[in-house]
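Which chain is which? They are A, B, C, D and E, in the order written, and residues in each are numbered from 1.
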Amino acid sequence: MILVNYAASFFLIALGLYCMAVKKNLIKILIGMGLCDYGTNLLVVSVGFNPGGTAPIFTAGEIHPGMFFVDPVPQALTLTSIVIGACTTAMVLGLIIRIKAKYGTLDSTEIRRLRG
Amino acid sequence: MFQKWIDKSMRKSPWIYHINAGSCNGCDIELVSVLTPRYDAERFGFHLTGTPRQADIVVVSGPITMQSVDRLIRTLAQVPEPKCVVSLGSCPRSGNVFKGSFAIAGPLEKYTHVDVSVGGCTPKPEAIVAGLAKAAEILEEKRREMRKHGGMAPSPAVAAAVEHEERAEFGTGDATAVRQGAEQEADA
Amino acid sequence: MNMEHYPILAIISLFLGAFLVALFGRLNKVLRNLIVAAAVTIPLCLMIALIAPVMIGGQVIGYWMGNWAPVGPWAIGIGLEVDALSLFFGLVVTIAVFVSGLYSFTYMNRDDSLENYYTLFLMLSGSLLGLVLTGDLFNIFVMIEIMTMTAVALTAFRVDYEGALEGALKYMVVGSIGSTSVLVGIAMLYSQLHTLNMAQIAAALPDHQNLVTVGAFAFLFLGFSTKAFLFPFHPLAADAHAVAPASISLMISGVITKCGVYGIIRLAYILYQNINEPAVSILITGFGAVSCFICVTMAFNQHDFKRLLAFHSISQVGYVITAVGLGTALGLSAGLYHAMNHTLFKGLLFLCAGAVQYATGSLDLGRLGGLAKKMPKTCALFLIGAASISGLPPFNGFFSKWMIYQASFEKGLDTGNFFYIVVCVVCLLSSVLTLASFVKVAQSVFFGQLQPQFENTKEVPLTMRIPMWILAVLCILTGVLPWEVLQKLVGPAAAAALNAAGYIQGMLGSGAAAGAGAQAAFSMEIGFWGPVSWLCLLLIVSCAVCLVAVLGTAEQKSPEERHEMDRRAGRTAAFTRDGFADAGRILKPAEKEGHYRNPVLSGTTLTFTGEKDPKYENFFSGEESEYSQVGGGDLFWGFKTNWRHYFQGMRRWHSGVINDYTRYGIVALAFVLLYACLFL
Amino acid sequence: MNDSRASKPVLAVSLLLILCIGLAAAIRMAGSAPTYDGRSTDVSVLQQDAHAYDDSGADGVAAVMVNENNEKTAADNVVYSVVFNYRGYDTLGESFILIGAIAGTTAILRKKGNKASAAIVGTRGDAGQEPLKVVSYRTDQKSRTKYRRKPVIVKCAADFLLPFATVYGWYIILHGAMSPGGGFQGGVLAAGTVLLVYLAYGLTGIRKVFHSHFLHYSETAAEIVYVCIGLAGIAAGLHFCFNFVFPAGREESAMLMNDAVGYHVMAGISCLLIMMLEALDTDDGSSREEKKS
Amino acid sequence: MQILIQLFHILVFPGLLFDVAMGVLLMGLNNKLVARMQNRVGPPILQPWYDFLKCCGKETIIPARAKRAVFLGSPYLGFVLLISVSMFIPFAGFIPVTMGSDLVVILYLLTFVSVCEILGAASSGSPFAGVGLSREMVAMISYELPFVLVILTVARAVGADQPSGAVFSLEGILAYQEMNGPLLFSPAAIPAAIAMLFVIPCETGMHPFDIAEAETEICEGMLAEYSGTPLAMYRLTHMVKVYTMSSLFVAMFLGNRFTGIVPVDILIGILLCIAVMFISAALPHAVCARLKVEQVFHFYWTVVTGFALAGLLLVWAGV
């Protein structure tokens, strides 16, 4: 039921945060960011879920009385959030490509010119 | 409006800057002892400053060794007008025991006009105080002349040979400071 | 085109400008600059046009996208809500955008692929304006994302500048924690209140308070403080500002942080209306005070000009958050006033840093020095900015800081809670440390001795200085006329923030024309300080002093005139001696040539061969003063030795590794969540 | 605090804290009323008669949207109408993000980042550290000649699948109103064809088939069209992003927005992919001779 | 007519001339007292005046490397600002400028005066001045913390019945002291008064804490390149600051209107200023040698802040 979704999403967020905080390789940090994004997307989608509801589309002939829809608004929000996740990943990948070229390494402990 | 007071105040608050041109520190100790409670030059307004910019009376001690000529001249240049130069002890005047040595670059006379010369190998503090007081008076006259020439130091007429001989011989140890800055009417 | 469409037109004009530049930017430079100039000035004019109705008239503009008016209590469409608070921040955004756009025309002309730069810049400004004017919670999240995305891309714009990519990566990665927490907060709120419109949430929240909404408050607060770079996130700001181009640093420090502040004000004052609970007030003020103090001490021993400015901008944002967290009318208006001042003087300082970078190519405090003679106008502008940030009286920093101290002290007096007195002391102390670091910057960049390699630096072109002058004049105006600014701009904004009912009624009530009615009698009692009458007093006294000076002394001539008089009076440029005794003798110089110049006695003067008159050289205890600049690291030795353990800890703490910064972010998230669950 | 010994437990505790507070909130959220239970409206009745709804019992924004969907909009898919109609401004912001990402990635990955700009722009404060060694971001020549493969199987499969993939992508874009889908989802599918071409024909294949500049400009043009449709609302005296339902009752301006977004996403994502592939340029050996020119 | 009285107040009595006269008097007495304590005759009382006049008479050398405008302008600006500060401090019942004098405004104006001196030193371009200004800044940081704590203590002690806005206003403090006696007599304010007595010598740069103008160590520190009238202005600012700080102390802790008769009040005020100057400036000058830079900082942030904090806690506890 819906509690599993919520628990899974918070677990995904925690896992993503752990991955971002501990992993040294930049790509893995990016994956951690992705995990956080998926966790939040899952949370936003499952907020609108209502057991027994069907997809909110008025398709001819398939709708019989007593049927009800699932909440369409969180699905729209998730759409936006997914595209945001994609764009963030694209941007960070671009940065990682150039950092690998410039610093010659992907290890985050070596990329620390700005400190102190 | 304040000019007369300023001239008078020149005498009342002469600030001293001490240049050690290679001296054996005998005169330096004496000069500093002048500021101690026993001789207390401060009651006449004397005050030892750290930079030539704030100095009125430049006290030079030591036989102007070769190393210190350059620095002496530069520091003397950096002292604002009206100023007096006081040579402390007999080293700056004649080189004292070091006269004729390869290492010293001659009496202070060669580099600047000495207003008051306090003689003696380590002159007594009283002598120094008397010399400084005399320099303070010279300061006041210089300031008055300076005002006459539009704020510039009175430019010397070509030094007449007369003045050259007229300089008295050097005094002995005690307070026989000799005024050397003869009054000269500038013809600017 | 009535006044209702102004907000959306302002936002869309920026975005449309961005796309037009993307399309036609590559064709020719002039067209591109024209588009950017138009796209930057239109929103400024629209916002200024809105001042009359919204600020003074007290009207709240509720503008529903696509005419989707709310059905009963439920707002189905997205609404733009422009009340005095939003317009205040809108003005701050548009001024900063206008000045930064003007500045980047010449500042960036040496870079390549500028159409990308201008597209990103205009989208950044559009998203900032969109964020400030919107009335929908999810729309704020979308605008935050555009803002972060474009700010990161712009930070990394100068790809080959040392550290640019690293700064951008850190900003993006740790910024994503903030974005994630904002979205989680929105999802939790939606699950409880079934709506996304802020006015409706504000109306429904008081009777839906439970664990989920408290959790949502914690998540949203942390999300907005990430965007405002508060305490655990301030290393991001330092890295991002230090490497971004100066016009972008202005935008990041001046405006993006203000949007974080705007979010926190909306959250605590309008949505949850729980600012008066002691727990929330202590949380926000605590965050503000800690970030204020730590960033000032961190800024103390930086040796990069822009990184120092970055840390200062976070400490000033710390001031603003401290004032906002107090919750009283005086506190909020002090915070808003300081937010506006900060954008003005921090923008000016960043543009000065850009000018120094443009002219000399270096930002290293250790190697710059003596630029005042080469770049006098930039130095004058820098002094105005530095005086404003350190809060010297006639400038604008002073009045807002003074209000902050009064507000925090009064809150301490009323609630009897010693915490606010500690906050007041911390703020006063940070003000002195700010002054100290700007004295350090002035000494190591503008005054002191010029390095030989910067011998031929020239003043930056006029087109760069105009935006700086605009900011400088604004700094002085807001400093000298504080009471008008309070009545016209800050007062209504603070009143709008405090009057949540007006916000709700303005949006969900009878639509646009509702108007929040007369402002709540906005009584704000501040000790009387009339800078104008104080300046007249200064004038009188200075006239008296000048009179005495003119009468008293002989006139002072400049060194050149003195040389002139010497030459005319027959004395060569060497130093003059009076009553020189033995004239005419040629001295026998000692043999070693280089050791000391052989003084030649000619006529009445002793001249050095080819030597400049040492009289006007700096006194260097007799030596010839070669290069010996006192600046950069070797200032404030006494303070640093006493606090060396603290500074070493700070250096170790700001390690520069991304993982550490994410770890601090996570710990902060956990702390805020725990705090919210326990105390709210 | 940042040496890993001390900070491990602190991190663990904070993550646990986030997790259990999240779970507590999750339990509370699961327990609370669903955002749209739909019992107040009979969906089948709505399908017959678009006006047979009453919003009084609505317990949330979603209920009102579902009720008014048939009457106010021409789309059957309620999510579609939420995305492009009710919350059209969000989707506009959404496409701004995509353009921002593309402009940003272009700026970051631009090849011509000339070294001169570093000289002009100057060095930062701590120039004391050793200067970074700048490696051309193409992996050096030697390692690439090793993988010489002939993707014959992949080439055949790609040739077979390409038309279907493109048509399928555009189908999703165009039929968003009737069936699940819409501009974003379809655009990404259509952009998938770029990867197919890359797998089959490598970078030179892509350079022959796709022209990234054209894609970039057309994408910006599509974005401008989208904004202008929004502005049309203001031009007509109504509010921004107003949805004009054409007389036939089956078409609306939101659908135009959808197609503009569809094209914009397709062109944008493929432009992004091409840029990334150009940047990595780990092309197989077969077609490297031409590039040497 | 009103303007004339106002001008008189600004330019003559509690304004320009009176401050200068009091500054010279206090500085002269200070030198004399220190000399007497060192068992020597000591300079005449009017020696500071002669110093000022002599410096005015000297030639002003502007170094080639100096930035001319700031070099010449900042001494005058510093002096004028200091006079405006002394206008805010009511003396013997006279409030020269009815602008609601406020402790924070005074604090920031004093900071501005020191900034003017720092600007002058920075513009002269000499390395000695660079070291001097960094020491002056350290001195400012060190005495700012106790000064702030003292201000908060006095504001808290008086704060109970203040109108909401003017929490730090000096008039409120004086009105309070008029009603229930000088603040110094109430036990809670004594530690704060001691802290304030320590702050005064460092603020005015008197001997034991004059790390900024240490003539023996860094050749007159900030004023290394100054000569002639700008130097005279700086020394005059230095003197008037002594008067300003001591009259601030008198206003904060000893109240203002003692007997109601104006001339007697003025006399008592002057005597109190002399007493404060003696305790805070002359005694430390005669007794101990100049401190090192970090010793000054350490001393102020531990001992003096301890006093001020004790005062604040006592007042906060409502003793």
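Convention: a residue touches a chain if its C-beta (ideal position, glycine included) is under 8 Å from a C-beta of that chain, and two chains touch if they have at least 3 such contacts.
Computed from a prediction, not measured in an experiment: that's the story for all the values here.
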(request) Imagine chain C is absent, with all remaining chains left in place, and give the connected groups that result. (result) A, D | B, E
(message) Taking contact as defined at the start, I'd like the list of chains shared as neighbours by chain B and chain C.
(response) E
(request) Would you mind checking the shortest number of contact hops between chain C and chain E? (result) 1
(request) Report which interface contains more C-beta contacts, comparing A-C against A-D. (result) A-D
(request) Averaging each chain's C-alpha atoms to get its centre, pick out the one most distant from chain C. (result) B
(request) With centres defined as the mean of C-alpha atoms, identify the chain lying farthest from chain D. (result) B
(message) Please tell me the distance, in whole Å, between the geometric centres of chain D and chain E computed from their C-alpha atoms.
(response) 66
(request) Go ahead and note the Å separation of the Cα centroids belonging to chain A and chain E. (result) 62
(request) Averaged over CA atoms, how far is the centre of chain B from the centre of chain E? Could you give it in whole Å? (result) 37
(message) Report the inter-centroid distance (CA atoms only) between chain A and chain B in whole Å.
(response) 85
(message) Show the residues in chain D shared as contacts by 2 or more other chains, in ascending order.
(response) 11, 15, 18, 22, 25, 29, 35-36, 60-62, 65, 87, 90, 93-94, 97, 100-101, 104-105, 108, 126, 132, 134
(message) Residues of chain A that contact two or more other chains, please.
(response) 13, 17, 21-22, 47, 73-74, 77, 80, 84, 87-88, 91, 95, 98, 102-103, 113, 116
(message) Give the residues of chain E touching no fewer than two other chains, as numbers and ranges.
(response) 56-57, 59-61, 128, 219, 224-225, 228
(message) If I apply the definition of touch given earlier, which pairs of chains qualify?
(response) A-C, A-D, B-C, B-E, C-D, C-E
(message) If we count contacts the way the header does, which residues on chain D are in touch with chain C in the complex?
(response) 1-2, 7, 10-11, 13-15, 17-18, 21-22, 24-25, 28-29, 32, 35-36, 55-56, 58-65, 68, 85-90, 93-94, 96-97, 99-101, 103-108, 110, 112-127, 131-132, 134, 216-217, 220-221, 223-224, 227, 230-231, 233-234, 238-243
(message) Help me check something: in the complex, which residues belonging to chain E touch chain B?
(response) 31, 35, 38-44, 47, 49-61, 128, 215-216, 218-221, 223-228, 231
(request) Note which residues of chain A are touching chain C in the complex, please. (result) 13, 16-17, 20-24, 26, 29, 33, 36-37, 39-40, 43-44, 47, 73-74, 77, 80-81, 84, 87-88, 91-92, 95-96, 98-99, 102-103, 108-109, 111-116
(request) Going by the contact rule at the top, pick out the chain C residues touching chain B in the complex. (result) 551-557, 562, 565, 569-571, 575-583, 587, 590, 595-597, 599, 601, 603-604, 606, 608, 613-615, 617, 619, 622-624
(message) For the complex, give me every residue of chain C touching chain D.
(response) 1, 5, 8-9, 12, 15-16, 18-20, 22-23, 63-68, 71-72, 74-78, 110-113, 116-117, 119-120, 123, 126-127, 130, 136, 138-139, 142-143, 145-146, 149-150, 152-154, 156-163, 165, 168, 188, 190-192, 194-197, 210-212, 215, 242-243, 245, 302-305, 307, 357, 360-366, 652-653, 655, 657, 660, 663, 666-667, 669-671, 673-674, 677
